[in-house]
Structures are given as C-alpha cells and as structure tokens.
Amino acid sequence: MSEREAARAVGGPDPDGTARAVGGPGVGGTARATSGPDAGGTAAADWWATAVSRIEPDVIELRGQPVQDLIGRIGFAEMIWLMLRGERPDPRRAALLEAALVSSVDHGPHAPSIAVARMAATCGVGLNNAVATGVNLLGDVHGGAGEQCVRLLEEVVAGSRGPGGDTGGDPGDVRTDPGGGDAGSGPGGEAAAVVARWRARDRYLPGFGHRFHSRDPRRDPLLGLVAEAAEDGVVAGAHLRAALEIERLIAPVPMNIDGATAVVYAELGFPAPLARGLFVLSRSVGILAHAWEESGQGRRNKGPIPPSILPTWI
Amino acid sequence: MSEREAARAVGGPDPDGTARAVGGPGVGGTARATSGPDAGGTAAADWWATAVSRIEPDVIELRGQPVQDLIGRIGFAEMIWLMLRGERPDPRRAALLEAALVSSVDHGPHAPSIAVARMAATCGVGLNNAVATGVNLLGDVHGGAGEQCVRLLEEVVAGSRGPGGDTGGDPGDVRTDPGGGDAGSGPGGEAAAVVARWRARDRYLPGFGHRFHSRDPRRDPLLGLVAEAAEDGVVAGAHLRAALEIERLIAPVPMNIDGATAVVYAELGFPAPLARGLFVLSRSVGILAHAWEESGQGRRNKGPIPPSILPTWI
Amino acid sequence: MSEREAARAVGGPDPDGTARAVGGPGVGGTARATSGPDAGGTAAADWWATAVSRIEPDVIELRGQPVQDLIGRIGFAEMIWLMLRGERPDPRRAALLEAALVSSVDHGPHAPSIAVARMAATCGVGLNNAVATGVNLLGDVHGGAGEQCVRLLEEVVAGSRGPGGDTGGDPGDVRTDPGGGDAGSGPGGEAAAVVARWRARDRYLPGFGHRFHSRDPRRDPLLGLVAEAAEDGVVAGAHLRAALEIERLIAPVPMNIDGATAVVYAELGFPAPLARGLFVLSRSVGILAHAWEESGQGRRNKGPIPPSILPTWI
Amino acid sequence: MSEREAARAVGGPDPDGTARAVGGPGVGGTARATSGPDAGGTAAADWWATAVSRIEPDVIELRGQPVQDLIGRIGFAEMIWLMLRGERPDPRRAALLEAALVSSVDHGPHAPSIAVARMAATCGVGLNNAVATGVNLLGDVHGGAGEQCVRLLEEVVAGSRGPGGDTGGDPGDVRTDPGGGDAGSGPGGEAAAVVARWRARDRYLPGFGHRFHSRDPRRDPLLGLVAEAAEDGVVAGAHLRAALEIERLIAPVPMNIDGATAVVYAELGFPAPLARGLFVLSRSVGILAHAWEESGQGRRNKGPIPPSILPTWI
C-alpha cells in the first residue's frame, strides 16, 4: 500500500495531538472552502463550529433562542434539557428530570467527590477549583454506574420489543412490590438473558445493590414518579418495567440510586453518557455546598484524618 | 516566649498539610471527648462533621429534610438554595435565582471554560473530567468578577445606610434609563466614593464594561426582574439602586453579566464567594453541553487551532 | 441465596462511595484488630496504610530511606524510580529512564494538554491549577498510547518466548534499518499474529504512525540508547526487537514517540499503566513551561482563537 | 471621555472571555500584518506564538535545541531548567535544583494533595486524572508558601544591599548553628524590619514553623548544600544568609521545607511563582506513587474514613 494509505490504516492515537479527523464544521455541516482569501481564518472558525450557541456582539442565542427570551421564562432544569437536547421539554417530562437532579445532589463526606472538594477548600484554591476537584472524581466507578445502567436497560428493552414494538407488561406498584406486575410478556425473558450476559462480563450489575443502604430512600419516590408518568402516557414505561424485572430476578438485591435515575434518564430519552453528565450537574450542588461549609470552618490543608492518627506503615 | 507560643505565632501555612486549626466538629459545634475509648474513631467522625447532610443506613437527610420528601416536591433551583443556605426560599426569590442561573450557562467557544472542555472531550477522558476541566478555569479573571461585584455593591449599600437604615431612592426604569431615578439621596454620593476607591486599587471595576458586547442582552431582562421584585417588596432593591448609580457615574460603560447577576445574588443575600459558586453551577451546564457536542464530532486530541496553522516561533 | 451473598454477587459499583473492599492495611499487610480500645483510630490508620512513605514527627522515610540520606545524593530520575518501584536503579537503567522523560516534555500548543494550560494561566487561577488542567487531558487518546503500546509489546514478547525463555534475534542497527536483524526466530511470527489481533479490535496500533511527523526526531536517539544498553546487557532487548519487528511488518509506517518510550519503559520493567504515569511526569514540565510563559504575556481569559474570528454557527 | 476611552478605563475582567489584551505574538515579538491575505490564519498563528518550542513536521526544537541533541545528553533536572529558563545550567547549579526537587516529593497521606489522588485512583478515572486531582490542591496554603517565602527573602536581600551591592555576612555553620554567623552587617537589620512588616499583614511567616516536625529532617541537608555552593562561589549566598537571620530572629521557630527550598530557588534565580511550579513538579512524583499504590489495593470509591465511622451530624 502507499505510504499515505498505510498511515491512514495505522494512524495511531496521535500522541502529540497534532492530527485531527478531517471534518467540516461539524456533524452534517458543510465544509467551507479552506483555500482562497483568509483560508486560515475560515479554518479556525470552522474548527470551533457549534450548534449549541451563537455569540456575536450584542447577540447571545442558546440553541437558537435569544437569551433575553429565556431569562425569567424557563426553569433551570428545562434550560439544562434545552442546552443538551436542543429543544424544550414539556412540563411533565421536565418535572421528571428535575426530580432526578434533586435526588443525587449529595451523599455526605464518605463520598470521595464530596471529601476531596472539602479538602481542596482548605488549600487556598478558588471555590471553582474545589468544585472541579470533586467533579473530577465522578468516574466510571463513582457516578459511572448510571451510564452503564442506562445501557443495561436499553439492552433489555431492545430485546423485549415484539413485532409491534410493544414491550407490554404492567409495572405494578413500584413502591410496595419491587418486582410486581405481569412479567409474563414484556421484558421477562429478555431481562434474564441480559442479566446473565452482564454478570458473565463483570460481577457488578450497574444500578443494583448498595453496600450502605439496605433500601435506598430515593428509590421509591423516583420510581413512583416514573410510574405515574407512565400511567399518564408521558413516558412509555418500558425502561421502568425492565428495571423492575431485573430487580425481581436478583431479589433481594434492591435497585439503587444509579438504577433509579437511570430509569428516569432512559425513559426521557437521554443517551447513556448523559446519565453521567446529568449526575455531574446534580452532584455539583452538594460538592459546592460542602466546599462552602468547609471554607468557613477554619482548617488549613485538611487531610483525610486528624493529625493525631498516623497512617499505618506497611 | 515559649516554643509552643512561638510556634503558634508563626505557625506558617503548614507546607505538608499535617497541622490543622484546633476545632471541634464545626462552627458552634461541641468538641466531644477525644480521649477515652475509641478516641480515634470519635476524632475521625468529628473531623468530617457537617450540617449539610446526614447519611446513615437507609437515611438521607439534606439540610435536615428527608430526601424522600424532596424528590418531586422541590425544584432544582430551590434545591440549590436549600443546600447552600440551609432553608427553602419563597417562590419569588427562587425565581430570581433561577433566572440568574439560566442567564450564565454559556458564552460559546471563545470562553476558555468552554473551549478547554471541548478539547478535553477529544482526549479520551470521561465526560466528568471534561466538565471538571472547564470548571477549573472559572477563576478570579473568568467568573470571579461576580464575586468582586457583590463586594463592590455591598460597600456602596453599607455606606448608603442612613440612620434609619433606609437606602432611599427609586431605581427608575432599568430598561431604558441606565441611571434613572432619584439619586439625590440613597447611594449617589456613596457610589462615587466607592468607585473612586476601587479604581485607585485596580483599573478594573468588576461587573461593568464588556469588550465583546456594547450592550449585553442579558442585562435588561435580569435587572427588569429585580426591579419588579423590588416593587413587590420581595427584595429590598438597595443593591439594584447601587449598581444603577455606578452605571450612571461611569456612563457610557454598561453593566455586564457579572454585574447583573451580582445584583441578583446580593439582593437575595448570598455571600460574595457564592456568586462565583453559583456561576460555576450555571456555567457547568454550557460546559457539559459543549463537551457532549464535541464528543460526537469525531476529532481526536483536538488542539486550539487546525493543524494547518503552525504557532508562530518567537 | 442469602441476602448477604446476593449483595456480594451484585455489589454494584457503589454509587455513593460508602462501601469498600474488605481489606487490611494493604497488599500483604496484616489487618490489625478493629475492635477493642480505639478501634476507630486503628481502622482510620489502616485505611491510609502505605508502603510509599513513613511520616512521623521529625521523621520522613521514602520507600524506607531517610530523606536526609537522599537529598543531594540521588538524581531526580532515580528518585522517580525509587518512589514508583521501591528500590534504586543502577545508573545505566536510570539513564534510560532519564532519556525517556526528557524526550516527552513538550510538543507545542497544538497539543491540547499544552493549550489548555496556557489558557488556564490567563484565567486567574494558580500556576498549579494551570498545570493540573493540562495533566487532566493526558487521557486514553492523548498520552494513553504509551500504556497501550507496552501491553502490545508484552504480548509479542510473551508469545515469542521459546522453551528456554529466549526471545532470540539481533535488533540490527535501529537507526538506519527500521526492521533489521534476524527475525527468523524470536518475535517474527508472533509479532504478525499479535498485530493482526490488535488491528481486528481497533484500527489504531498504539505506538506507530504519526500524522504530524513522517519520521519523529525522537525515535532514533531513544532506540539507539536502548540498543546500546541491550548490547551491554543492561536490558534484555526483547521489547526493542518486538517493536522493530512490528515496524517492519507495517512499513512504511514508523514508530512514534509513544512506541519509542514504550520500548524504554517495557525494557525497564515498568508496568503498562506507569508508562502513562511517567508520560505525565514528563509532559508536566512542558505544561509548566508554557503556562509560565503565557502568564507573562498579559492576556486575560484567553480563548482558543483571536476575538476577530467568530466560531461558525451550525 | 469618549466611549472607547471609558471602555478602556473600566474594561472589566471580561466575564465571558472574549476580549484580550492587544498584543503581537508575545513579549518583544513583532505583530505581523493582520489584514491582507489569510489575516485570520496569521492572527491564529500569532495567538499561539511561543518561544518554548518550535514544532514542525519532523522538527522538534525545545528552547531552540533540537530534541535529538538532548535525548541521552541532558538530565531531567537540567531539562526542567532549560524549559523554564531558556538556557542550560552549569552542573553545580543543576545539582542544587535536583536536590530541592528530590526533597519535596512526598509527605504521606496526611497531605491533602496525596490523599485526594489516592481517593481518585479508586473512582475509575485515569492515572493522569488522579495525579491532576492532587496537583490541583497545591494552592496558596498547600504549596504556596515556597513562593511567598521567595518573595520574603528577596525583600530582605534587596533591602540589605549596601552601595556596592554587597550583602555581606558569613552564614556560619547552618547545620549546628541555626542563626550563626556575623549578622552585624548584611541582612541583620533588614531582616527584622521585613519580618515586622510581614507579621503585621498576616500571622503566618511563610517558610517558617511546622506543626508536625519540631525540626524538619530536610532542612539541614538542603541548607548544607547551599552553604557549600556559596563557599565555592556557585551561588551568592545572600538569600541563605537572609533566611538564617530570620530564623535566628524568631527562634526557636525553625525553617521548614518551604523555607529551605525557597532558599535554593531564590539563590538559583527562579522567580517566586516558579517556586510553586517546581514544587508541583516535585510533589507530582509522590502523588503518582501514591495513586499507583492505591490503584493496586482493590478499594472502590474510597472515602476519607472507613465506612464504620459515620461523620458527626452538626
């Protein structure tokens, strides 16, 4: 093969960050001429092309909407939806998003995202740096389970679709009956197969189990809201049914907060990675509250344990 | 002096983070015995004392409220207020907070907080790491002006208080008359003195001026909402008057987004540093939206300019 | 199964960070009693058990060595080796590590790790925050290739071992003959098989190809040093032979800096993830140099492109 | 004043990061034409102008030196000097830098920079993210004292200069006599005045005192190396004398690691902010070592204290 083709084939991950995928301004965008007068300026403008916002002198449009038409006329949760999805949600769906965002704001200093932000707040960095420090820890293991659980639920739902696209089933009463409802049709058999596949890969089933709470107090209220919305036809209910079926299969292990919020985000149509993004926005609130509280407590360079306790020497 | 007293006097900033201020569990808290059985465990528990949340098996209380009583019953902006202030706001005040949070979510890729998050999203790190990268840049110069402007406004208001605590004055029409209203009493003279003091220290007057917009489209809607709230007695209006007076004094330089949001946060009683904290929560939304968009555009290791443009060698 | 066994089985990724693996003080450590007097203090001490350093009043031991015996008596690269590996390297091996660390310090503002740090330096955050911002981008795609390439080379070497553990082969002249040497025995056949397996999984072969340099000026000097060390018996040379064989198989695609440093780190026995860790230490130098330079250039809130160029609206 | 002048006067901190200082390619650089053909490309190239490195296809020059001439021919500490200062140091001065870098690599899990990195390593983020998390905490209070101490020493030295620039004095024996030597001339009177000014501003005197060590084991070896270098005329010794004089004035409070390294960096001519930058490079080693160790210990979502200890509820 020619050298150019060979380079394409094993392009490599580009260690020094100097190569980029050929592209126009963005997905579906038209590449403008990058030769001719001011080709460099055009290339630079296209390099930073975006559909999220348009900012020009005296103009701020967010997802196509002038910002002055949004201030005072849209809630913060709705705004989050607009910025991520490109359109405004109806009030019932926005309310579900809002409930999920409220549910995940904090879990106290045992959560490393909270603890590190508190410690940062005593080290003479800005409050934004303390918050960023906490958010940086919301990785695959601490916050990533919601994303994984959305994928899990989507697998069950995708496999459950009958010829008419109907996933069937009645979720039952999610508050008193963890696995209630008619599972004869719908996600029943598919859930078992998917669970088996996931457990073969990794002993963790994202969204289920919790080593701190035997029954997470956030589960019932969240799932209750989803069930109501499903009854009213605001959401389809398929992901809820899938989650309840999994919970029944693995009983007595309960669904946890990642699972409950995954149900909400999946029902609302958010792609799996945004389950983590939304958890980030939610948890940032608790991270900020804790960093702020710590900054008023007078400690300097706060470590994880009091100075009277010395780490064990191995 | 004794060695101990000497050490106290020049304690130093504790380079290796092994000394802490003597303290009990927290502001106003009672220090429990740190001797006796399990003194270490008690010390460690007190080390992480907090009033923000109480987390125990099957219990999650946020600022004293069981989380299951909040889910679906409180908005996200109200929740932010509750977590930061320890109590729920009334709906009119919550609406002002919500408007301010909505106003600051994004300003496009020219904003370094947005650009770095987009770049991070192409480097094979998690979405949370991309968001954290952006938030980390919201420092004294990029996001810090709101905090500084709150202090500026508080100085004017504090100096304007007459014997009865009345700051007087009528803000006039904030949309058409930048400095309207009766400035004979109230903040007039005080504003001029404060502005002179601030300008003597630093040529930047936080909250005013903008090199991109001649008139920021976010100013009028935000100030209009504050003016309405002041008319309805929801907020006092003193910080609004102060800001308008400053704007009149330095005309034709307009108030910018930091100034307008500072007016909101100050009227709502948030301490100055939380103006930055709230800007962090707001801007995180745009940072996430941009990082998410970039992650779908196929670039790898995206630098600031296209590879066709080589940095100038000095 | 019992509830406890069920909880173990699907323990989940522990969304709120309150569960931990049962463990004693650390690998190979002995769990001390966590009941009895001051069980909490002991538990907290064990929670932070480490073999890296022992710090007590007036005592600092790093990997068992008193710090006062190291200052002025050990080089920085040797110190890095000691801290990561637990023992001091011989001078020849230390020299190889030093060469690799020197090679990767910088690749200019096109590298996102460099650009974001420069931008951070204009936002009013500390120099440490600017450096952290850059380091945060050294993820799987920008810096992760070295780690992946070490794994690739280890696969070839492991498969090449004959009954006597001999990987055979003579690397030839690495500077003029990219794939020279006797490949009849040794890694030849194994390399082809491994390359085929890796290409089936992902089109990127880590460590090879570069969209910016047709021949990376860092490759020859690094590989030359490894070849000399192999001739002198300082390193085995097996990973070098494997890399050269791969390069010959995929010619004309050259080995890049990730590949060359991977050869060094693998020959020196560093586990694959530390290839990324060492790249972090190296690139931190360039990140700091650039952040420092930018901080002296007077810009505020520097975005990725000059304000005269507006991002394209999609 | 005109609107433009008014805008200049109160330009503000540029909330949205869209204005920049007018500038050419960099300090002392010549602004190239930003009109005419490809003005945008030229502007973008100048926007990222740098003297640190020049990177073009098949060319990598670091501070003007081809990288292939550096690999294997320069030590890592020397490389750090070259990248930061733009020229290579002589071996004696490089050795001092190396000693200071070695001295600060770690101080165990009590140091928040170490603890947060260990916690991050259990949260499913990359090793680079764990290191970045730790580095992000090296702020004004945890790592910033070295920078402050350099400024303190520079103030004493600047005030001590007699007409001939001679700061006089003989440091004495730094190991056994903390404040020995002839302080009659030299920094004596100036030190007292400077100390008084600093203590009036802030109770902390950066570089002195330590709440963990009564005598930091790193002080004597570092200062001993500087004293030898001063005797041999490798460094002037003025900052060492100043530090010893301060230590004598505030006895029995000892110099700590920030003070000792500040002496080294100041003697070597590093600007104060780079004292923090160099501490960042040094401490990154310990941060990496700890993050790496933790990643092998099997914990997930490690919080600051074991789950058996619940934070105190205030």
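We just call them A, B, C and D in the order they show up, numbering each chain from 1.
In this section, a contact is a pair of C-beta atoms (placed from the backbone, for glycine too) under 8 Å apart; a residue touches a chain by one contact, two chains touch by 3 or more.
Quick caveat, the model's predicted, so the values are computed rather than measured.
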- Can we say the copies subunit B and subunit C touch using the same residue numbers, with more than half in common, or are the two sides different? same
- Query: Quick check: more C-beta contact pairs in A-C or C-D?
  - Reply: C-D
- Give the label of the chain whose average Cα location is farthest from that of subunit A. D
- Note on the structure: Expressed in whole Å, how far the mean CA point of subunit C lies from that of subunit D is 24
- subunit B-subunit C separation of Cα centroids, rounded to whole Å: 38
- When the centre of a chain is set as the mean of its C-alpha atoms, what distance in Å lies between subunit A and subunit C? 29
- Query: Residue numbers in subunit A touching 2 or more other chains?
  - Reply: 13-14, 16-19, 26-27, 40-41, 43-48, 50-51, 54-55, 107-113, 115, 123-126, 128-129, 132-133, 136-144, 211-212, 300-305, 307-309, 311
- Touch graph across the chains, line, ring, star, complete or other? complete
- Interface residues, subunit A side, partner subunit C - complex: 3, 6-7, 9-19, 25-29, 32, 41, 44-51, 54-56, 107-108, 110-113, 125-126, 128-129, 136, 140-146, 148, 199, 203-212, 250-253, 256-258, 304-305, 308-314
- Contact residues on subunit B for subunit C in the complex? 16, 18, 37-45, 55, 108-113, 115-116, 119-120, 122-125, 129, 132-133, 136-144, 211-212, 300-305, 307, 311
- Message: Taking the touch rule as given, give the residues of subunit A at its contact with subunit B in the complex, in rising order.
- Response: 13-14, 16-21, 23, 26-27, 34, 40, 43-44, 46-48, 50-55, 57-60, 62, 66-68, 70-72, 74-77, 79-80, 83-84, 95, 98-99, 101-103, 105-110, 115, 118, 123-124, 126-129, 131-133, 135-140, 143-144, 212-218, 220-222, 224-225, 273-274, 276-277, 280-281, 284-286, 288-293, 295-303, 305-309
